[in-house]
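These are the structures in question, set out in turn.
Okay, so chain A shows up in both of these, paired with chain B first and chain C after.
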Partner chain A sequence: MRAFIGKISETHIGALLALSYLLFSAIFWAYPFIWLIILSFSDWRFFDAPIFSGLHNLVVVLSDPEFWGGLWNVARFFSIYFPIAFVGSLGFAFGLKHVGRGKTIIALCFLLANISSGVAFSLVFAKLFSSTGPINNMVFSWFGFRIPWMSNPTLAMLAIALVVAWKFIGYYGLILYSGLQTIPKELYDAARLDNTPPIVRLVRITLPLINAQLIMVLVFTILVSFGIFTEPYLITGGGPLGRTNTPMMIIYETAFRRLQPSHAAMMSVIVAAVSYLLIRITRKLLEKDVKLA
Partner chain B sequence: MILRAIQFLWIAGSMVLLTSCSGSHNQSPPQAQIIKLWVGPNEAEESFWKVAVAQWNARGQGLQVSFTTIPTSGNSEETVLSALVAQTEPDVSTNIFSGFALQLADLKQLEPLSSMPGYSDLIERRHMAKLIESWQINGTVYAIPFYSNPALIWWRADILAKYANHKVPRSYEDVYELSRRYAAAEHRYGFQVFAGRSWEDRWFDFIAFYYAASNGRAYIEKDKATYDNADGLKVAAFIDRMYEQGWTAADFDAGDPLVSGMAAGAVHGPWDLGTFQRLYPETMKNIVVGPIISDAKPEAHTATFSDSKGIVIFRSSKVKREAFSFISWVLGDEHLNLLWLQKTGMMPARDDLLRNPVFADFFDTHPAAKVYASYVDVAFPPALNENTIDIQKVMTQELVGPLVFRTKAPQAALDDAASQTNRLLRIRQ
Partner chain C sequence: MITTSLRKLAGTKSAGSWLITLAMYGLALSWLYPFVWMVMASLKPTPEIYTTSLFGGELSLGNYDFLFSSATKLNRPFLGALGISFGVTIAVTISVLVTSAFIAYALARIDFPLRERFRDFLLLQMVVPTMMFTLPMFVLIKQLGLINSYGALIFPSMMSGWGIFMMSQSFKGMPQDYIDAAKLDRARLWHIVLNIVVPLNKSIIAIVALFTFTGTWDNFLWPLIVISDVDKMPLSVLLATFSKHYGVYVGPVMAGAVLQTLPLVLLFILFRRHFLQGMSLTLK
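And now, the complex of A and B:
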């Protein structure tokens, strides 16, 4: 036995350890993805065998105004969500860095939002933002008007962005915090000796040195923007007037309500391709290879 | 290295594919035949089926029935569909709405029940000849309606006593008058007009109001929208006026408006009777049930929308005849229909509810349920169309939504919704 173990090289052990991940990917990623590609170019309605249909699904999806509306809503969501999530998580990371005691508890409190049930908190926020809900009742009693969270397209999107940001700020904040921890204190000491103002220290030292973490957060916000489902589905139902309808909601309804899985598969492929492309462009433009001398 | 990894993934994927395919050829061990039944996933329905299935199995006159609730975490349709794709569907399922039945029939997944021996006898025995008409797909019935729940309006009797001289509103004018007196600007409202943002919610606002205004005229006929007419305009003008005057709110998500008194009236189905009795007994004491408002004469028996679900047999079933015998027994037995009524509060889909002495005691002791029973004969199900979801999404986005958010005039909203629906249905043909 010992002789046998002796013969196994490190490469073999590494391959064996990697096998579980590769198998997992093969079953839960590669297999469904291959099927998704096949279905995108097929005519299939759940029960019959898929028949190759060329670019028909692509034409159907690209001529669907609802799908384009969904993609436009992603852009609208991102333009509201990213600044909130970015500023919030940066603030959280800086705050955590300056906290003396109880860092773990504070971090856990913020992470709780991330692991909470999306359905549960969406229902709570739907009640909070309701035109007859507590926030509006308070605003009405103080100022005599109500905020049309659910009836104004921009405010409805803002409501969803606030909820999603609330969920992710702790998570993104911890990523940024880990980046802040790697910046040597001496750099700041030297900058202070040169009388560098705080804002310059932030722009010239801190942000460039946590570039990797910032890009990671940016990539995550792009992914979240394309992937949100629960919050708009439960809080606004895609309304008002379809202005919070997201690609995931459209894909779900196309597959399981309209019973057109091939169209839904093509939508998924397009959404995946667009989000992948955006991430590649983002990284190409903004990612820097930061090295401390 | 990357190429090797991709190669490996392909091989592993193919292995999984082959394994799963070969698995389907395995023969499962022979089992005693039973009828597998899925029922609506709620406590009330489950308690009915417990008794009904136990009685059937004790009779020993057919195959034994084994039931479970539809194993759903989301909606029933999605679960039934997944089961059909995975070939794990039961023989029989309840809780199927007419539009979904049409989709499944179109995909050849349902057994035509109207060609089963004993079908005509069942329809006659259950007094549902008129009700079944709206469930026919080209003359064939694939789903038999199990219950038919009229949508009616609940009013707070204490509010009506103070602001409407005890009069239950029946017309648009009645609602305007009540709202004028009761609704203080943005603080409380006369009536909940907008049922919600989801496409299903149109059943409980525009469609119910349109049925009431048009005496049950179909809103989609031969793949065309038919609601762009004088009756549709009356409904649209009513919604518009309620929002223009601030007599109703864009949503009541914060809590039930009847419980809080935020609104004096709201549309409800009979399934809410039990829920309210359990959760809000004090509010329930003050509830009176009235018809859907319209401009019909006060004595008119106003039509409304029926939230109705049916029972189907899947084509893959090996025990179709036996399953239909069971269905016939459950649907046709008056005492089981009474038990259904007692357990769920929902109206069995039969038009003799108020004439049949079997139900008399129940309705004598449940006056609100009796009002619902009196509207079963004028309660119309949704338009039988495969594109139900898109028809009602257009209705939401082009008609009801713009009226609620006051971005379109009633006639313009009606025109836009009808023309967009027609365009959509033309493309889908």
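And now, the complex of A and C:
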């Protein structure tokens, strides 16, 4: 009898605990979500009640060259950031596998960048990259010129990509490393017996077997590309000429500087939908269920 | 001869591996360069930061002194901001840890109705891009009258679906015997969670704690939007506005950057073992 009562009350407590989170989500997740949808299809300037305006916001946003510029900047950032982060983290994972003593300390040095302050290091890197900063001083003393990090659009984007890559290569690398650890050694021994060249071993054995981890890293790089705010906001301020302006910066400016929250809401919906769809497509095209027979 | 001793030192077996080990040590050191530069710059007078070598020049704590005394006169109260950052971050982290642990225990170990639906809901929340919630969350906070209050920084982050999910994945792998034994002793739920579940899952709890702390401490966009009063700004935003308006004071800005980084680095070093163990858990 006592056990019966105990079981019932435990089930109740479980349900109550879950309910507490559902209540929290209703207030801080579902309610804002509904507001987002309402704002996207209405005219609102922070004060009076929102007035339904149909697809007006969509038309305004889609005819805004700055918004398209922001999306194009995502593509530009990704095309610079992804190769750096991908090659860097693969190199880190393979390198770490060969390290004999001190794997932990090396991993920790790289991961320290990952948990560090984005705000602080945006400011630090802005100084490091500045025209009289240490990087340019070194380049100048060796080659006799300075790199215009902040005035050239591509170099400015590269600077931001390098900062973000510095932050994430250790994290991505550890993801790939954990994948490498699961590959059985016997597979390589067999390949070696067949005299398979290293590059073939990499492409035919290693990469397919860490497919899941590679996709995870790819998805993270896409998410970062759409979501960055702190680094460009503090390092370049979106310049030169808006060429490092990211969607999050444009949404922030539109809502809180130009006081057009309903336009910004529509932008948020579009950007979120595009990033979500891209990730779904990536998964569909590249994700393979690799099994060891 | 040299190569063999180097190989021994690096602890590697195959030839060539010691070279990679050496290169990895070199890279790891170069990864720390921005930290070292930041700390050294924060100890030098501003005019000497760009002109002296990394470890050269006169070192003093003048920039920190400036940050805590003169900056306050420039309406940039850094000491207060440091306190606000600590208060808000600790409140959020404790709240997330406690709520996540209990709800995760329910999700992993208690058979309540619609449990699987609840798990699906958590997964759904994790795939919906969070970036689109910033603006409507501002609307909610405005309606609640919490603009320019600490509540705006704390309440929206008091629970975490990610934290619940991560902990429940870890709690599932725990041997049931421990819990059964405690139940035989008629231990109450809070006793089971705090005295049995938590000590057995330290790594994942350290991970959730560290990421929650870092995410809250270093959050920039959200406090930038909801706090406009300099007396209520957390350190991340105050530092950014200080750098924007008084950017010529490079030394004090770097001292602020050190303050903003220090708690994160200390926590990371303190929890490093749990962190690496927990990482392999979250990566699966």
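Keep in mind that, in the parts below, the second predicted complex is superposed on the first by the 264 of 293 C-alpha atoms of A that agree within 3 Å, B and C clash if a C-alpha of one lies under 4 Å from a C-alpha of the other, contacts with A are read in each partner's own complex, and residues count from 1 in each chain.
In the analysis below, a residue touches a chain if its C-beta (ideal position, glycine included) is under 8 Å from a C-beta of that chain, and two chains touch if they have at least 3 such contacts.
Here the structure is a predicted model, which means the values were calculated and not measured.
Once chain A is used to superpose the two complexes, chain B occupies space that clashes with chain C. In the superposed model, A:133 lies in contact with both chain B and chain C. Legend: residue contacts after superposition of the two complexes on their common chain; A:120 is shown touching chain C, with no touch to chain B. Touch criterion met: A:241 reaches chain B, while chain C stays clear of it.
In the overlay built on the shared chain, the residue A:146 is in contact with chain B alone; chain C does not reach it.
When the two structures are aligned on the shared chain, A:277 is found in touch with neither chain B nor chain C. After overlaying the two complexes on the shared chain, residue contacts for A:256 are found with chain B and with chain C alike. In the superposition on chain A, contact is made by A:45 with chain B only, not with chain C.
In the superposition on chain A, A:25 contacts both chain B and chain C. Between chain B and chain C, the partner in contact with more residues of chain A is C.
Once chain A of one complex is fitted onto chain A of the other, the partner contacts of A:207 are absent, as it touches neither chain B nor chain C. Residues 22, 25, 27, 31, 34, 46, 127, 132-134, 137, 256 of chain A are contacted both by chain B in one complex and by chain C in the other.
The part of chain C that touches chain A in the complex is made up of residues 7, 9-14, 17-18, 20-21, 23-25, 27-29, 31-32, 34-35, 37-38, 41, 49-50, 54, 99, 102-103, 105-107, 110-115, 118, 121, 125, 127-129, 131-140, 142, 155-156, 158-159, 161, 164, 183, 189, 210-211, 214, 217-218, 220-221, 224-225, 236, 239-240, 243, 250, 253-254, 256-258, 260-261, 264-265, 267-268, 272, 275-276, 279-280, 283-284.
Chain contact summary for the complex, chain A toward chain C: residues 6, 10-15, 17-18, 20-22, 24-25, 27-29, 31-36, 39, 46, 92, 95-96, 98-102, 104-113, 115-121, 123-125, 127-128, 132-134, 137, 166, 170, 174-175, 178, 213, 223, 226-227, 229-230, 233-234, 248, 251-252, 255-256, 261, 264-265, 268-269, 271-272, 275-276. Of all residues in chain A, only 22-23, 25-27, 30-31, 34, 45-47, 126-127, 129-134, 137, 140, 145-146, 148, 150-151, 236-242, 253, 256-259 touch chain B in the complex they form. Of all residues in chain B, only 5, 8-10, 12-13, 16-17, 77-78, 81, 84-85, 103, 107-109, 186-187, 196-198, 249-255, 257, 262, 387, 389-390, 393, 396-397, 401-402, 404-405, 407 touch chain A in the complex they form.
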